[in-house]
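Next, two complexes with subunit A in common: one pairs it with subunit B, the other with subunit C.
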Partner chain A sequence: MALSEQDVLAGLAELVNDETGIAADAVQMDKSFTDDLDIDSISMMTIVVNAEDKFGVKIPDEEVKNLITVADAVNYITSNQG
Partner chain B sequence: MRRVVVTGIGATTPLGGDAQSSWQALLEGKSGVATLEQEWVARHELPVTFAAQAKVPAAEVLTPQEAKRLDPSSQLALISGRQAWEDAGSPEVEPERLAVDFATGIGGVWTLLDAYDALNERGPRRVLPMTVPMLMPNGPAAAIGMDLAARGGVRTAVSACASGNESIANGFHRVQRGEADVVVAGGAEAAIHPLPIAAFAAMQALSKRNDNPGAASRPYDTDRDGFVMGEGAGALVLEEYESAKARGARIYCEIVGGSVTSDAYHITAPDPEGSGAARAVIAALEQADAKASDVEHVNAHATSTPVGDIAEFTALKRVFGSHIDNLVVTATKSATGHLLGGAGAVEAIFTILALKEQMSPGTLNLDNQDPQIPLNVPRKPHSLSRKEAVAISNSFGFGGHNAVLAFRNV
Partner chain C sequence: MKTLNQTPQTPYTRIYALGASRGEISVSNDDVAGPIDSSDEWIRQRTGIVTRKRAGKDRSLMDMSREAANEAISKAGIFPSEIDAVIVATITFPYATPSAATLLAEEVGAKGAAAFDISAACAGYCYGIAQADSLIRSGAAKYVLVVGAEKLSDFISPTDRSISFLLGDGAGAAVVGPSDHPGISATVWGSDGGNWDKVGMTGSITDYRDGKTEWPTLIQEGQSVFRWAVWEMVKVAKEALEASGLEPEDLAALVTHQANVRIIDEFAKQLALPESVVVAKDIVDTGNTSAASIPLAMHRLLAEGQVKSGGYALEIGFGAGLAYAAQVVELP
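Up next is the complex of A and B:
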């Protein structure tokens, strides 16, 4: 069963917290990964790979640069779940 | 040349989570060696089932995010570096005048092998992006340099088990020559992993005393059968003497010598004549402007291998002649195991505290002293009697590396 947007957001926030220590409730849809959350490219790639495992999706490397905001990532994951 | 003093010490060792608790446990005759409980010991049917693990796991000290981005060797390094810095009173120094010299013998071996397992089992996508900075041998030095914002140069000496001493010698010379005013120097190792254990065991370097791990590290004893792998880190804050005095820093002692020589004899075996090791001791004493008879205390390399312990004695005999009987020698690896790239730094701390407190640690498991090694090696802590005397600490490494440090009370 496909996860809801809220479930994906909560799961993603958990991955961000685990990797960076940023509080899960700071990970909101309108936040930019780099400008607002100060996540560097190495952490971003780690979060992406962990998100692939957690949500059962493929996120190609060329897609990662389009994931500017948390909403971009949540939308990509919800619309590409297997 | 400028004078250089030690104003801070930090350590995480098999005896304790900091320098003072490690020193106390050492004086109390405790051993940090124990049977390994990890499942991989039985899974790989390792021929050696014990080691000297860090007493306080790094995960109990660092935040999860710090630990996640650092190989275990860098975790231990960072812990020791922060302790040393705090112990020194966090000296105010221009970042461009603050440097790091921090060693490891092997580097990020856990990271490298975990990543290879991930590649084999789950493919290249699961090789994490932090793999390279975590496995590189300059990782421990870089972790400390980043943490303290040291911009005067961050360097790593890699010379197997002499690495820690070599880094401290390098740091000493940098402050002495005026290239930096403060250097955090030391070494770390975290290689208690099945592959290094199997590899060291394959070369017959490790003790196989599986039934009695606490008795396995027995330098100078007739029944010694190899070294015991240990893990941990030690860090010193080295500082220019006049500025340390001016800021009212607590000064442990002065570092007066740091020398490196090489055997070019055999890749692993020590030169049985001990000439390279002897030259290193002599060079350290020359830097200290000291005579052999000025030395009272020696923290020996003494790993508990049959040939290594004798070769070091031969070297000491060459340097000290009849004065050798006046030396108070300690082999602290009897308690800590062999911390490889971290050994020199932790033993430097023990040497510094021995000088400061005028008390040599005892040596464990010395039940029957090898008659070929007639050194004065007290079993229990033993008072030193000459406050103005020099103390030296030896480290030798595969590759024929010899590195010797010399300290003296100010």
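Up next is the complex of A and C:
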């Protein structure tokens, strides 16, 4: 069964917390990964690979640069879930 | 009709000794941070590098290669004249031809040895070990000198934020020869030319001649390379370990190409190695030296007593090409 937007956000927040230590509740839809959460490109890629595993989606390299905000990632994952 | 002589000369090979030479100038993060609008903290956090060793104008790739090779030959306890083949892995020898290897053979006293260069970038040294192992077992050579050597500082741009600030200069050498027991496991290697443009140069030499580009320097798509270098290369490392017949706990060390501490840390995490396995991090004060990085890192582990001769190390090189190679070796 496909996960809801809320479930994906919660799961993603957990992955962000695992990689960076940022509190999960700071990971809000309108936050930018780089500007607001200060996540660097290497951590971002680690989160992406872990998200692929967790949500069963493929996130190609060329798509990663379009994931500016948490909402971008949540929407991408929600609409591409297997 | 007569049959050809084709008899393998020895079933096993091993690395007899290593040699190392690094650039003589310590370049700090503060030295490189200005032109890329960065800071010591930013560079440490993203790469783990504190300083990188670079060679001055008067010290060539050949100088560093000769120093590393002489040390390896002397420690191996063989005469240079016994070396049948010299292989230099490099992407920064400033002549398209002749090779660095022919000159190095001459300079270290391996007169007349077969000699050639390998262009496999950061995988070059492990490609060289694979070739040395094969040449010796086939009977084409008894002793082979393998050198990974780079003067990357000739091909960097101070304003490049993708790779230049990681890079250092150095040479690492290994003498490989016959053994009475297995000392080099089967190599797992390959390439991915579909990602030819992920790590490379800003332009070609002919474009530079024609005024179409600035002096070509190294460049990479860091994020894509990071994904490949960790998650794809971990699969290769696991295959190499499986091919060797060892389990992770049998290893004394993991010596990856010294690309970036973040890659090394994530790599070790994904491999789930026991704590007893030493993870080489020569990059912290040497920088990324491409083909030289693995022998330099292994040489240091031995020199500092972090590992002992006779232990096993999983070594894996990966980089531009994309190209990769991994094998388990007995530490000399």
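What we mean here is this: the second predicted complex is superposed on the first by the 82 of 82 C-alpha atoms of A that agree within 3 Å, B and C clash if a C-alpha of one lies under 4 Å from a C-alpha of the other, contacts with A are read in each partner's own complex, and residues count from 1 in each chain.
The rule is simple: a contact is a pair of C-beta atoms (placed from the backbone, for glycine too) under 8 Å apart; a residue touches a chain by one contact, two chains touch by 3 or more.
From a predicted model like this one, the values you see are computed outputs, not experimental measurements.
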Touched partner set for A:T69, first subunit B, second subunit C, both or neither: neither
Touching partner for A:T20 - first (subunit B), second (subunit C), both, neither: first
Touched partner set for A:T46, first subunit B, second subunit C, both or neither: both
Common ground on subunit A, meaning residues reached by subunit C in one complex and by subunit B in the other: 41-42, 45-46, 49
Parts of subunit C lying in touch with subunit A, wherever the complex brings them together: 45-46, 221-224, 226-227, 230-231, 260, 262, 266
Subunit A to subunit C touching residues, read off their complex: 40-42, 44-46, 48-49, 61, 64-65
Touching residues (chain side subunit B, partner subunit A) in the complex: 63-65, 68, 125-126, 128-130
Of all residues in subunit A, those that touch subunit B in their complex: 18-21, 41-42, 45-46, 49, 52
